[in-house]
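One chain, chain A, appears in both complexes that follow, with chain B as partner in the first and chain C in the second.
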Partner chain A sequence: MSRALALVVSGALALAALAAWPLASAIAQDALPPAPYAYTQLEDPALEAKANALMHTLRCLKCQSQSIADSDAPMAGDMRHQVRSRILAGDSPDEVRAWLIERYGDYVSYSPEVSQTTWPLFVVPVLLVLAALFVLLRRLGRGRSDKIASESSLP
Partner chain B sequence: MSTAETRSGLRLWLWIPLALFAFFAGLAGYMLTQEKPEFVKSTMVGKPLPEFTLEPAFDGLPGASSGDFEGGKPRLLNIWASWCLPCIAEAPQLEALKDEGVEIIGIAIRDRPEDVARFLERHGNPYTRIGADAISAVQLELGSSGVPETFVIGSDGTIRYQHIGDIRPEHVALLKAELEKAQ
Partner chain C sequence: MIAEIGLAALWLAAALAVLQMISGAAALRSVDGSTHPLAIYARPAAIVQAVLAVLAFLMLLRAFAITDLSIKLVATNSHSMKPMIYKLTGTWGNHEGSMLLWVGVLALAGGLLAGLEKRLPEKTMGATLAVQGFIALGFYAFLLLSSNPFERLPVPAAEGIGLNPLLQDIGLAIHPPTLYAGYVGLSVAFSLAMGALLTREVNPNFARAMRPWVLGAWVLLTLGITAGSYWAYYELGWGGWWFWDPVENASLMPWLAATALMHSVSVLAARDALRTWTIMLGVLAFSMSMLGTFLVRSGVLTSVHAFAVDPERGAFILALLLIYIGGAFTIFALRASAVSEGKRFAAVSREGALVFNNVMLSAILAIVLLGTLYPLLAEAFDARVSVGPPYFNPASAIFAIPMFLVMAVGPLLRWKEDKPLRVQFEMLLIAAVLIATLAIVALAGDYPLLPVLGLGLAAALGVAAFLPLRGRKLSRVPTAVWGMVLAHFGVAVSLLGMASEGAFTEERLAAVAPGDTVEMGDWLITLESVAPVAGPNWTAIEARVAARLGEGEAVTLTPQARNFWSPAQATSESALLTRWNGQLYAVIGAQTPDGRWQLRVWWKPFVTFIWYGGLLIALGGVLAIIGRVQVDVKRRKAAELGEERRADLAALTPEPAE
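Let's look at the complex of A and B:
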């Protein structure tokens, strides 16, 4: 009996925690100032342009339908800081992307690379174009031979 | 080939685009009913723990570094924060694991020393060390995407297991089994 009660209470507590979480965390998780490069651009415009282009193709992990360039989540700010400080340190955008993919998988990148799970993305369109070409050529070829046949059958 | 035969062949071909359309519409409809994976799993499981050094999160406990996971036994690395409510829900389970002799090293995300101290006073302190990660740098190194998360670090220094979300009472046995495997 008491065990069942404890279960119900802990379940309710967990639910309450989950329901209140986004609200409470929005209040307190930015008690600290944001990371230095979360909202500050790099001084060198060329480097900033590189970092910015990269940030538009990286997924925010906390708000998965946004890029880290679009999101105001504290974690997206921390990710922007990583991107900018790594670009500033001389990493190429591809290296920074690879660094994140090594940790979070292909999911973190909006610009898919060929890998074991993503190869159909690249192969299927090529196959479709080839199939369309095949059908087209056959039909054109048949059209011509039909025409020749009908012409030759004229008296 | 007679014209009638060509026609029926053609008619069969014409069904293919419709069939393809029906297939994709069905697939889209099916995927819409599927639950969206809310959590991104770390792909660092199985890889060595990245090197890091973090300052103490408050003045009651030492900070944390990757060197603290070296030698002897598997340990838990718990990513948490005083502002995180599910972290309150998992506090009793961490306490229980500590009572069974598990060493738990904490990393506090974007947290102030006074808030860390208050949280531990209120909800108990299962940690031997807590490092302060003010900009989620180590969290990102680990491939972790939220709080709380708990990693099992093997005695050989590799990341063996990732638990996403708060540790509920039913997860304690699972974590103990993972710790056992990481021996």
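Let's look at the complex of A and C:
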């Protein structure tokens, strides 16, 4: 997103903004033009939908808390291009994700997988379900038995 | 002088907080019948403190309004060329200013509590004010010792640095103040809970005193989150409205706890049940506010909202967090056994449904907390993990789906005990709507699972929300019940918006030259022209985009790509076309090497319902407050009438003959 983007290009922009307005967007000042699929969709709507869903779950590494589908940063554009190209080449979203993780590390994927470093993320929800069941049984189950007990004790 | 007056007011307010603490604690030592001589100062101290803290905030506001560049905070965060509204809102668009706003609202809430709340026993009130003073003192110390907003520069700056352009928006006028007021309202609920716990007064009377604060805080949090979500949606330029960003989660967690607390405190007020639950949720809700403040203000997350990065401050807030929350849980652990659980109820009863949903809300809260903190924890051990929508959505849905189902039926049940058979017609109706909607959507196309479930639940909840009115004379339905109906309907509306946005959004990204037309669903989008425009502190290129639905009239949208010069930063100003059934969202991007322009457009069906729903929920909360006040006034009047009548009777009764 633009905030992170500003960090990257703020210096260049200060001069550019004074010099000329047609250079309005920050991306225009990057030495290289954005890759073809950074801002262009795939022709096939089904493939584009796949790529789009995947891009929303990949982190823009130069940004702060943003997916590559929500960012103006040049690197996010490059990654969108990579994702779209690979999907177009016939890779499945999972393969593309695995390839990106291999390249950039677990950090790139917003969809954590069970591993040595992430297991608590999956164990805790299971424990939560058990804890919720326990609390509910104790709270609601006992209330019921008490009531029945008190009712049966009525004359 | 402005800065000096503000700083002096802050120091005085801090001193009064100490007095409030001592005097409130002294009230606890009052022997039955008599008041401890020190105890009389707590209320006046709280009120004067509120005046002083608000004065300090007004002084900073004034410094920003006149751009007093001899004050460091103004010089580093403002600019003389900024429009006046952003000069004013810029007061809290930085760390020190936003903490001063926090403290100002905190003191104001304490003053209102001291001035208005007369129903509680004096001892409980003393303990409450002592806790409130203790909290305020911590934050005064934080401001004065590590974040002085009034620091002067040795030499005044020639010009200010300016405000982050993304914050130069009306959103900054609404989102932080409402959210902070909500956070701080929860501090009052926390103090009341501690006061009641310390003096063993956890009862319906206490719940009735606490309820308006909880409801008020919850309404403000709802509005703050709704406003923040819409702000992010139109400002960030990619059409996302919720990112599960840690800072967003920091505001969602107190809301989840406050929602549970609000329901729990209502049960306590009406039925004298759920005493320990209410206290625990009161502690939890404020803990989450503090945690949210810590996450945002400490800079542990380098995220979009975290405009403060300073580890010293982080350590300070963390210490405050540990003192307050650790202390609260210690008192809770020591006293909880002394608080009886209150009245019993059956599993199938309105209380039972509320307990079930409070457990579900707490579980969702735990999921959000885990997903937010785990990456930070992992980072401390040099493992980088990202947790995002693919985790939060399904993990919270595990608990949200049963919660929505119980929410549909719960309000139909009777208090204490009920038979499912009594509401079988309603249950069948809700199930029929749910299944029919799921079937229709599943037949209509291949959509992701969660949005489809969301649509079904939204339809079922939308119908179920109004069922409590069935068979009642509408003119005699209490205002508070209307509030519940409206708020529950708001949840359905919001859910519909989220699910619809998730399932049916259409997107078109294209490089176009002026005159070119692209198709998106039924829309024809034409880029007419691109021209430069200038604002007070920015220049921009503005695109004129004509949008036509089928054969309909063309509507012109003017998205801009702006360049601010102080600080130098580019932003996209999206252009929105709102229809009753959705929003068209257009953004103009960069120019391609061959001279065409990057155009991004989305059609988001019913996306606006997300925020309409949020507003309905808040409105429901407001109606609930009004309803409670009405009942209170009536009850007080009836009591006065009764007293008068008794006095009359006493006067009429002849003196016993001698």
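Throughout what follows, the second predicted complex is superposed on the first by the 105 of 155 C-alpha atoms of A that agree within 3 Å, B and C clash if a C-alpha of one lies under 4 Å from a C-alpha of the other, contacts with A are read in each partner's own complex, and residues count from 1 in each chain.
What we mean here is this: a residue touches a chain if its C-beta (ideal position, glycine included) is under 8 Å from a C-beta of that chain, and two chains touch if they have at least 3 such contacts.
Since the structure is predicted, the reported quantities are computational estimates derived from the model, not experimental observations.
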First, second, both or neither for A:Tyr110, with chain B first and chain C second: second
Is A:Arg138 touching the first partner chain B, the second partner chain C, both, or neither of them? neither
Which holds for A:Ala35: it touches chain B only (first), chain C only (second), both, or neither? first
A:Leu121 in the overlay: touching chain B, chain C, both, or neither? Say first, second, both or neither. second
Touch check for A:Gln64: first (chain B), second (chain C), both, or neither? both
So, does A:His81 touch the first partner chain B, the second partner chain C, both, or neither? first
Regarding the shared-chain residue A:Glu102, is it in contact with chain B (first), chain C (second), both, or neither? first
Between chain B and chain C, which makes contact with more of the residues in chain A? C
Same chain A residues contacting chain B and chain C, which ones? 10, 13-14, 17-18, 21, 24-25, 27-28, 64, 105, 107-108
Give the list of chain A residues in touch with chain B in this complex. 10, 13-14, 17-18, 20-21, 24-25, 27-32, 35-36, 38, 61-62, 64, 74-75, 78-79, 81-82, 100-105, 107-108
Which positions of chain A touch chain C when the two form their complex? 1-6, 9-11, 13-14, 16-18, 21-22, 24-28, 33-34, 39-41, 52-53, 56-57, 59, 64-67, 69-72, 105-112, 117-118, 120-121, 124-125, 128-129, 131-132, 135-136, 139-141, 143-144, 146-147, 150
Can you check the complex and tell me which residues of chain C touch chain A? 164, 166, 236-238, 240, 243, 245-247, 301-304, 306, 344-347, 352, 355-356, 359-360, 363, 366-367, 370-371, 374, 378, 381, 383-391, 395, 398-399, 417, 448, 507-511, 532, 534, 539-541, 561-565, 567-572, 589-593, 598, 600
Using the touch rule from the top, collect the residues of chain B that touch chain A in their complex. 40-44, 81-86, 88-89, 109-112, 115, 134-137, 139-143, 145-146, 166, 168-169
